[in-house]
Amino acid sequence: MKKVAIFTSGGDAPGMNACIRAAVRGAIYHNVEIYGIYRGYDGMIEGDFEKLESRSVSNIIQKGGTILKSARSMEFKTPEGRKKAYEQLSKEGIEGIIAIGGDGTFTGAKIFFEEYGIPTVGAPGTIDNDLYGTDYTIGFDTAVNTALEAIDKIRDTADSHNRLFFIEVMGRDSGYIAIRSGIGGGAELVMVPETETSINEVISTLQEGWNRKKTSSIVVVAEGDEEGNAMEIAEKVKKQVHMKDIKVSILGHIQRGGTPSAQDRILASQLGLAALEGLLEGQKNVMVGIVNNEIVYTSFEDCISKTKELNQNLIRMVKILSV
Amino acid sequence: MKKVAIFTSGGDAPGMNACIRAAVRGAIYHNVEIYGIYRGYDGMIEGDFEKLESRSVSNIIQKGGTILKSARSMEFKTPEGRKKAYEQLSKEGIEGIIAIGGDGTFTGAKIFFEEYGIPTVGAPGTIDNDLYGTDYTIGFDTAVNTALEAIDKIRDTADSHNRLFFIEVMGRDSGYIAIRSGIGGGAELVMVPETETSINEVISTLQEGWNRKKTSSIVVVAEGDEEGNAMEIAEKVKKQVHMKDIKVSILGHIQRGGTPSAQDRILASQLGLAALEGLLEGQKNVMVGIVNNEIVYTSFEDCISKTKELNQNLIRMVKILSV
Amino acid sequence: MKKVAIFTSGGDAPGMNACIRAAVRGAIYHNVEIYGIYRGYDGMIEGDFEKLESRSVSNIIQKGGTILKSARSMEFKTPEGRKKAYEQLSKEGIEGIIAIGGDGTFTGAKIFFEEYGIPTVGAPGTIDNDLYGTDYTIGFDTAVNTALEAIDKIRDTADSHNRLFFIEVMGRDSGYIAIRSGIGGGAELVMVPETETSINEVISTLQEGWNRKKTSSIVVVAEGDEEGNAMEIAEKVKKQVHMKDIKVSILGHIQRGGTPSAQDRILASQLGLAALEGLLEGQKNVMVGIVNNEIVYTSFEDCISKTKELNQNLIRMVKILSV
Amino acid sequence: MKKVAIFTSGGDAPGMNACIRAAVRGAIYHNVEIYGIYRGYDGMIEGDFEKLESRSVSNIIQKGGTILKSARSMEFKTPEGRKKAYEQLSKEGIEGIIAIGGDGTFTGAKIFFEEYGIPTVGAPGTIDNDLYGTDYTIGFDTAVNTALEAIDKIRDTADSHNRLFFIEVMGRDSGYIAIRSGIGGGAELVMVPETETSINEVISTLQEGWNRKKTSSIVVVAEGDEEGNAMEIAEKVKKQVHMKDIKVSILGHIQRGGTPSAQDRILASQLGLAALEGLLEGQKNVMVGIVNNEIVYTSFEDCISKTKELNQNLIRMVKILSV
């Protein structure tokens, strides 16, 4: 293989740039030409390519975001769109593709591979950490630390005013960010989609704390929890609990950006290089990840359809630690 | 004067602890007994006092929040409430009071002084910076830096997706935090209550940027802007601008907490000591502040009623810098 | 088991407090009394114990350092010292011990167990990450991130002045912190004790970079490297390379402190609880760790005598990434 | 004036990029062409110029270092060197110069102006804050915060081990960074060149603290203190105090880099714009600064020869606060 392309797609995640950098430096090391595709599948359809050199990726390892931009492409979901994309790649002589993104990205990559057969290796770039095939996704550790710093700051003001705070963190339909930032932030309770927690359980857990003289409390809520988002849950609680000062904080998009943590820079570098070297070794239609400290390649099919279990130990720990 | 008391009240601000620490260490240095009152005016009414020693304030200079807690007291607004407060202070033999808070705190302090005459010196503890009588309030620099770090992170994701972000910062009815975090964050536009900016101006300013090939934009909105909060403004803009990906982020209560910046620790220390020494020198019914690098004492009356102008240079700068 | 004790010893590490907190909350959950021993083995010898309650460990999860203090005890190395320690523990009725520290701590714990038989479970608290029996030690992730932030700042000034910087990081005799902060910081070269790198290799690697028009370079040096520390290596290089502006930075003790990262708070919490529950389940003379995402208990003997390999992939990556 | 040039020189400081950006955006706003000169006076001599557009300075406001690089030029100190520089500027038609740096930069600028008369306005870019003509220099607030974060981390480990730490900070011959990071970090003592503190005073101050049961202490030392640097002072103290665990930490070059604080980004933006507008208004041979919240222009002569007093209040505060 002498010519490959690389792109980032879907929600962006800190560490995507480190991943791009590792793939580019790896390509140069192996004497392979590498082209960056801007704005994900949209750029692929439009032929928005640029040859990347070593200097193209200097000084980006510490940058959040992605120098190749990202987009959620509607056109790529159509056969016509994918046909145009294939034509652009053929014109450029691209023999392999590295796709950095989440399951939306890999769903598209899988279909594209089945239609046109260009070997593709994906790298898990998403803060949600809900991808099967890797213990951690690129961007997850940074997002957890960002949420944690925010929780630490909110705790200062919660403690000053004896308040109850509901803090909403990202995660789409999973509780990965919530459970870790919740434990790290000393939350009273963490509400995640993977476990059912009724409003009554919420209130009785908090009541136990108040009986033990706790004056302030933090409840971390994953955005996809079945009882609703933080605002909705707070409303339900307010109806039943009258004597507490209750506030809500939605951490929002700060969780998507910022300089990547050490773990994300290293994970991203390992996976970027392994994606490139995977392509050279004949891997195709797979996502590269690290499971139990080993580099593994998992089919896009499995990544998309299988579920990665939330660590039950962590869920149990929230209860014990807030005794 | 041989016995004084100190409390924090209203919205909390990073640096309040450094202020308490300086007042306590100053009292010990001058052989004066100092009592901490918990939970502001509520604690004053209940007699929730505790003698503070040097060790009481060890290792708190870097802490956000306030070890004396804070509250917004309804009872202190009544003559009966203030009568109880006076009785508690008399019982303890308190001869002077240091009140750390915002104009709500000083409004109460002024009335209380007029009724009962216990010398009181205030220190400006609020992130809003809208107090007349000091160039900067304790907590302002930290809040601006917190907002700025959040804007830096959001910029990463705005740039990745060519998005328009409306970011709402605190400030009650003033634009201090907005203008500084907006300039520091390279915002396209900053909307503050002190200047009128119509939705049409917002759109034409953004349009000019897009004509110059700017792909992403940040607009910082002070929560008290006349066109509404960030969510409302975003809705109005979406109605007229269809081709942009528009998102809103409300930074919320992270702006109230966190470890105080260098500037806040030093300002708080200077003002805490100056409040204590002001009491010993006969100051009463005033707030201590720093204006043009000098310690000054301003009547509570002036602090509450006079307005501090937003720096017009800064407003002008936003426009020029986003050329 | 109804009464246990816990202490921290050796070099301190961020996350030790989170570990103590989890052990204490776990003890309370299981209705076990838990005593904190101050200043490690010295406090054990002196009987410096204190019963810990839930409130004793409130708000410490985010704190660096250790509330139980730490020390390197000379007296505990003597049989007389350990006899006194045993007498103090017996007097208090202590049936089990949790020892948080590094291999120095466990060497002492192993001998003590062999002499007196009090079940002891260790938790790996050290920034060096050189303990066999766990993939990561408590404090390692935070230390790497601290080193990385420092490297990011130094890079700004290296780039401004076209300088060559030798940056020394901690690690005693291992290169864990060096290799990760080096990769994350985009270092040209990382010098670790586990691999031999001669001065000539250093110079030729740097020369290649300069030939490729790189103007500034960062070399990360682990303090135990065989060519000497950063200052010595810089001197050797200066003798042979005359046209470069060469500076040295020794990061020092900032790597030991600071608020623990998310990963360290969670790892510490898991290990603190697992140490406590391990004692209750009959574990003794072992250290608890996490290997390939599983909680494992490894004999102190193995932890002390076996070596944990540095990840060869990471060493290979430094070269490829600096192409 | 239709064509100006801008450069950065001397030790770099966080905020220099924000200053360049403001000058460039200001030039564009006023329809003036602006050229960046790389590597300070060396680049001026070599004619290493580049026309700067609005996009040249996008996304640099948050970056430490300087995109124009910096150097300390030996050649510019010679008349021949300055003659070449003048010829380069004339060839390009440069009518005005903005020089961002410290007094070394302004010494050269003053001589150059006297010889060749090209109007020059300086902006104070140095972390030392020892320039007369401005209350704060660009980079100072960030450096103080960097030193403060390091001191906070070292305190964790000092407290864990009951240690005495001597921490050396930058400042050349002044104590600005030392006094502020010392107060903010709760240091026992701060040693600055502006006041004489003998070793005996150091020991008796520390002894008083130990008598009051303080177990750990931090002493901040400015690199230019008359008793020597931190290492030398620690050695002198060790000779007389035997029972304390004494360590030294030299913060070094991390103080020169990092993302600029809010205050530095705003100060730098105000001064960059004021430097440009000053040139357009006819200012020459002056440095722009902010004194008592007003923009002022001070002759290079005064900036170089006059001294700015260290705030005596701050020095007094260190003693009182460590009671």
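A few notes on this one:
We call the chains A, B, C and D, going by the order they appear; numbering starts again at 1 in every chain.
Note that in this section contacts are C-beta pairs under 8 Å (C-beta built on N, C-alpha and C of every residue); 3 or more make two chains touch, one makes a residue touch a chain.
Chain by chain, the UniProt names read as follows: A, B, C, D = ATP-dependent 6-phosphofructokinase.
Keep in mind that what you see is a predicted model, and the values were worked out from it rather than measured.
Using the contact threshold fixed earlier, the set of chains in contact with both chain A and chain C is empty. When chain centres are defined as mean Cα coordinates, B lies farthest from chain C.
Centre-to-centre spacing of chain B and chain C amounts to 40 Å, using the average Cα coordinate of each chain.
Between chain C and chain D the centroid-to-centroid distance comes to 35 Å (mean Cα coordinates, whole Å). Each of residues 152, 159 in chain D touches at least two other chains. Two chains count as a pair here when they touch; such pairs are A-B, A-C, B-D, C-D. Within the complex formed with chain D, the chain C residues making contact are 8, 12, 14, 16, 39, 63-66, 69-71, 146, 149-150, 152-157, 159-162, 165, 247, 249-254, 256-258. Within the complex formed with chain A, the residues of chain C that make contact are 21-22, 25-26, 28-29, 54, 59, 61-62, 135, 141, 144-145, 148, 152, 159, 180-181, 183-186, 212, 259, 261-263, 265-266, 269-270, 273, 292-293, 295, 313-314, 317, 320-323.
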